[in-house]
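Listed next: structures, encoded as structure tokens.
In the two complexes that follow, chain A is the common piece, with chain B as its partner first and chain C second.
This part shows the complex of A and B:
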């Protein structure tokens, strides 16, 4: 273990966002009432973090292989930072009606993002765990930011209890793998240790793989570890829900891909059948339960569960050497699409709910929206159409790339299930479109959207359409990222 | 300059966005100005691009820019790129140039229409798609343009959609075109399956050394040609074009005469390297073209609606262009495309000017009659001198009188038919040329000569159209005269410059084509003299019947009642299609809907939905909200997963 001073460059984004979090929290101490100021400092600071990531994005492995700032992690760090910025911008309106302290809240969001950044660039079980815990603990706090609301406290407590439960298994799994691989925590070294073991694989290595998969399946909210997510999504402050539905998921899936596609492809015969079944059940349960929801936050929670099911296809495909890169690029593309449409949809949901007296999130509130607010309804329609995966929205291409990688890796049956599931999902997404355009309004919504809210909706909608018409642009970036990733197929190198 | 090639299609698109989104707020003046200005700038840039192309040495006259990969799926990769070569350079000049004049004309023609901004935004959108069609460097891009112009055509034919007949005409155009587009798509699929690429240069490189089966080439070119018969109104899919005259007259001039309908000809010429590999398809192209030319010309002989005559004339002239392509003289086909764009746009705009004036006169007299029936016109020569003179020039050009533009291109097509071993096609084309001269001058004499046959109280209100309309007429008039001079043939001591300029675009085709013996110069002179004689006699014939002895046509119509009725009713083709195709399709659709759709499809869909809804309410109950239950479920999952992995 040697420390090379230039290694610091590999964690520049993390350092940047932590510093920014401190600055915002300190600013609030110095001048507590400058809420707009914190917001803009945070937003511009995050842009600076993105710039830093672009500059140092190709640094490669550092800290003796603990962390890698490569094409894959840089891409996702930029995405996570952008989502954080969007969530901070959409929070302004929301926070004004509450007694949440703005600076603290922004700071906590950024610390969570810092954890996610560590997670996406982690190439060692220790850094994976560090990232997951930094992220999760901040999220528990964020879920319970409104202690005066029973639902918010309930969400935080549930999330924390079940999260701690799952973390135990994750850590136990890591320990077992550490033991079975002869004292390795580095992902590449684990891969080569497994290759060397060849046929004589100890039983506790299998148990370790199973337990790690459980920890990660909990984080991405896959069946049967998803039960927390609808309750937590519903109870948390809505901007936090928007954040939770996108950024932690992207981060956890990145770790999933690095561990299972990068370190454990040789054990594919063990874990692929499990993940196969979990993926199939997750997307089906998510979609079918979403059909019966009357609250838009819960509906989006179940929708997010089903999307996790689709994304497990990319994890499965990544175990096949030939389509490894394609699966990675497909997942990266998918998260761009998913971030755009979820941020957009939640922004609209916050806007609508703020005009209701009790601030609730009934789907019935969307009836007749198009007649009163045609532009907002059009934006929402674009987000929902993209979520259901209908071209020319970007969501279609996200699904196309992930599914096509899975088909190439031989998971035709699962892709058929996924496509059938997409058909089911069209019902609950487009039901809202039907409500907005074809039902008479029941109550008049007097929306007073701020400029920032409108801009967010417009930006998301425009990029969804642009990405749907010109998917090649985004796909090229994702491809480049996947090619420059540190996931250098350790298996192939050693063989 | 060529680096900014994409600005040429982009400008009209920007115009579309501005006029479409804010047109109502901007006011009519600004809308007309913006709509015309974007096209004007695009025209100037096209000229610049053209001269840049000329600056290259003749073998390297191709500028291709691929900006990015538009779509990638498996081995299919579609780059988004534009290609400027002599062929597309000619097309963008014609499209932007004629469009610009027609946009200006429209400022006057559409003045006061309540949907003024909608009109200009559609027109801009059309130009955008048309430019994409001719500049795209691959079949998918061409197809986008192809579909896009079809959409705009539909929107503009049905522009006054409150009139049911006009909305129906729009639908008819769209549906008939869809039939052709289906053929086009299959052709493109065949090309991808055969060559594994969809870019023009890629396919052309492979076609150059093609040693595989020629039957697959035959089918793909035939499918593409089916697409062309739809878009360019050839037998059997020409029926939509005459009805398309329901749109505003400048639209007829731009879309249904000068540009969109020639897309099929452009497409065949663009694929010259494939067509020469399939002599069978080329013969079909030539014969369909020449028969359409003759067939449509016979119908035009007796029509009384000024725009209908011009519509059938367009169908007929498009036939000539296909004859040119079909006999392997692609440059001749494109020459006629260009000269036709000038004189036919002029004829339509002239007709628009007449309709405008007559309509105005109707309004003043408080009379709501048909403003397009030439039986109730006449003597407009003195009332509308500019319109008359330009219209007369266009008639001379289309009749093929030396040295007007139509002479050079039409004569070249007829001559190439003989030179390339298809004399029968050449003879039929000559007969059609005779009819063309006759019906055009019949139209001219009935409209402008003699005396006013409408109501007395209208006559005083007839007057020339405003400057903004007559100016484009004059410009097009000049182009109709001199536009053909760049094609001056070698036989008449010219340089055939245009053909040489286009040659690089057809070089591969020329290399692959069957070589016919060099026909003698004497034969070419004979054809020139003959076709000139035919043009003149057609005019004299019309003069004899409509100026000297106006009784003859009426007597003939009475004596040969059946023949006259057949022509007047366009051979009852529409009725036959309705009986054979439309009623059958409607009947089948009805059956499918009532049985298959309602009973089977809806049954399955509704049943599945109910089942899923039922499962959904049950699954929802697992979500109890109790942390203990959740943890228990997790434990089940953990036991199952770890158990499976360990004791597998």
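This part shows the complex of A and C:
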């Protein structure tokens, strides 16, 4: 346990984004009402954070193995920062119609992403816990950012009570694993401690694994702990919903993969069957319930539940040594795809709802959109086609990589269920496309998109198509990251 | 007579279960919140017990982090409960039902 001054370099991205959050909050104090200024300071600052992450991305493990800024975490940190920047840019128009203070809001978004950065680079139970809580507490605040709206308060209360409840389970699981592994909190040390236990695994270790999985399944909104997510997504301010549906999910899945694939592969016989069932039910429940939704935010919430089901395949595959790295790379690629299509879809949803009197999010509002605004409708169609996983959009390759890793790890049955589910999901995604192109419009939408909004839609659409035509580029980056961070040695007794 | 770690761990498990029961059966947001705090403190007891008997200082350190985070959670949580009270004149979670399915 020695302190090495260069360890600081491993948390440079976190330090950078926290400093930026403080700067934006203080700027609002010094010159209130300069909303455009905060937005651009935040956006350019986040680009600087991405640059810092690229420069120091190879630092490796630091602080006696508490945190690792390696390929996997650097990749996801860059993704989370980019999503934060996109959400900040899409928020400008939305915030002007509310009494949210812009600086505080941007600051809180960045503090939440700081928590996610800690979470994706965490290699110790302490840092996992601190990351999850920094992220979650900021998200509780963000969900309730419009206290004058009953729905926003309600979303915040539900999210907070259930989130804190899940944290209790997560922590109790950590305590039991800590005790059962003989006082280890480092994930790699826990893995070797469990290997040394061999067959004599104490009962409280099993209990610990069960409790920790309850906590993590809650954070990624998987069945049967997904009930909070549609309500929270619907009630929260929409840019916050866009943020919540992508970045925290990526961060929580990264921790899921590091804990279950990195520290507990030896207990695979215990948790793999459970997560198998959870994955199958999660994607099915998400897709079936999404079919019946009339509100686009709720529909996207159920869609994100089903995507969490697909991603659990990567977690399952990561416990097999031979495909550990492939599963990691597949998950990283999937999140790039998922971020692009969700950010795009929510940008369009915000734009459409702002033209409505009551600012609601009915799917019926999309009827006849193509006749009036062909470009926006084309963008939305690209996002929805990509979400449903039809080639040549990037979403297809995300699914392809994750599913192929799962097949190599031997989960053929589950992959069949996942593919059938993708077919079901085509119905509710393409329903909106049909509404946009083949239904007459009922009410005229006079959209006044700002340049930033249009640019955001265009960038997301172009990257989705580019990534669909040339997936190799992104995949190479993901592969490099996974090669650095995957399991180094085979673990003994998998299945 | 000395008490072994088993006693403390059993007490901690009991407290944790009481907390869960409180969360699941009570309808008042504040009481639910108190029950969650009870769960966190049960976890603290487990960590301290393991830390004391292994012996290993990490368990004790972890408890400090949990206490600090719980304090932050209280600050945010009570603020959220206040905003709900302003809307409903009540903190009964059965009345928090604008959104369903």
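Rule of thumb we're sticking to: the second predicted complex is superposed on the first by the 485 of 495 C-alpha atoms of A that agree within 3 Å, B and C clash if a C-alpha of one lies under 4 Å from a C-alpha of the other, contacts with A are read in each partner's own complex, and residues count from 1 in each chain.
Note that in this section contacts are C-beta pairs under 8 Å (C-beta built on N, C-alpha and C of every residue); 3 or more make two chains touch, one makes a residue touch a chain.
Note that the coordinates shown come from a computational prediction; the quantities given were computed from them, not determined experimentally.
Contacts of A:214 after superposition: chain B is touched, whereas chain C is not reached.
Legend: residue contacts after superposition of the two complexes on their common chain; A:454 is shown touching neither chain B nor chain C. With both structures placed on the common chain, the touch criterion links A:23 to neither chain B nor chain C.
By the touch criterion stated above, A:168 is placed in contact with chain C alone, chain B being left untouched.
When the two complexes are overlaid on their common chain A, residue A:206 makes contact with chain B while staying clear of chain C.
When the shared chain is aligned, no partner comes close enough to touch A:430: not chain B, not chain C. In the superposition on chain A, A:270 contacts chain B only, with no contact to chain C.
Touch criterion met: A:156 reaches chain C, while chain B stays clear of it.
Using the contact criterion defined above for the overlaid structures, shared-chain residue A:472 touches chain B, although it does not reach chain C. In the superposition on chain A, the residues of chain A contacted by chain B and by chain C overlap at 157-158, 161, 165, 230-231, 289. By the touch criterion given at the top, residues 125-126, 129-130, 133, 137, 140-141, 144, 147, 150-151, 153-158, 160-161, 164-165, 167-168, 171-172, 174-176, 178-179, 182-183, 185, 204, 230-231, 234-235, 289 of chain A touch chain C in their complex. Of all residues in chain B, only 68-74, 80, 609, 612-613, 615-617, 619-620, 622-623, 625, 627, 629-631, 633-634, 636-638, 641-642, 644-646, 648 touch chain A in the complex they form.
Across the complex, chain B is touched by residues 157-158, 161-162, 165-166, 169, 203, 206-207, 209-211, 213-214, 218, 223-225, 227-228, 230-231, 270-271, 273-274, 278, 285, 288-289, 291-292, 400, 404, 424, 427, 470-473, 475-476 of chain A. Here chain C touches chain A in the complex through residues 9, 16, 19-20, 23, 29, 32-33, 36, 39-40, 42-43, 46-47, 49-51, 54-56, 58-59, 61-62, 65-66, 69, 72-73, 76-77, 79-81, 83-84, 86-88, 93, 96, 98-101, going by the rule given at the top.
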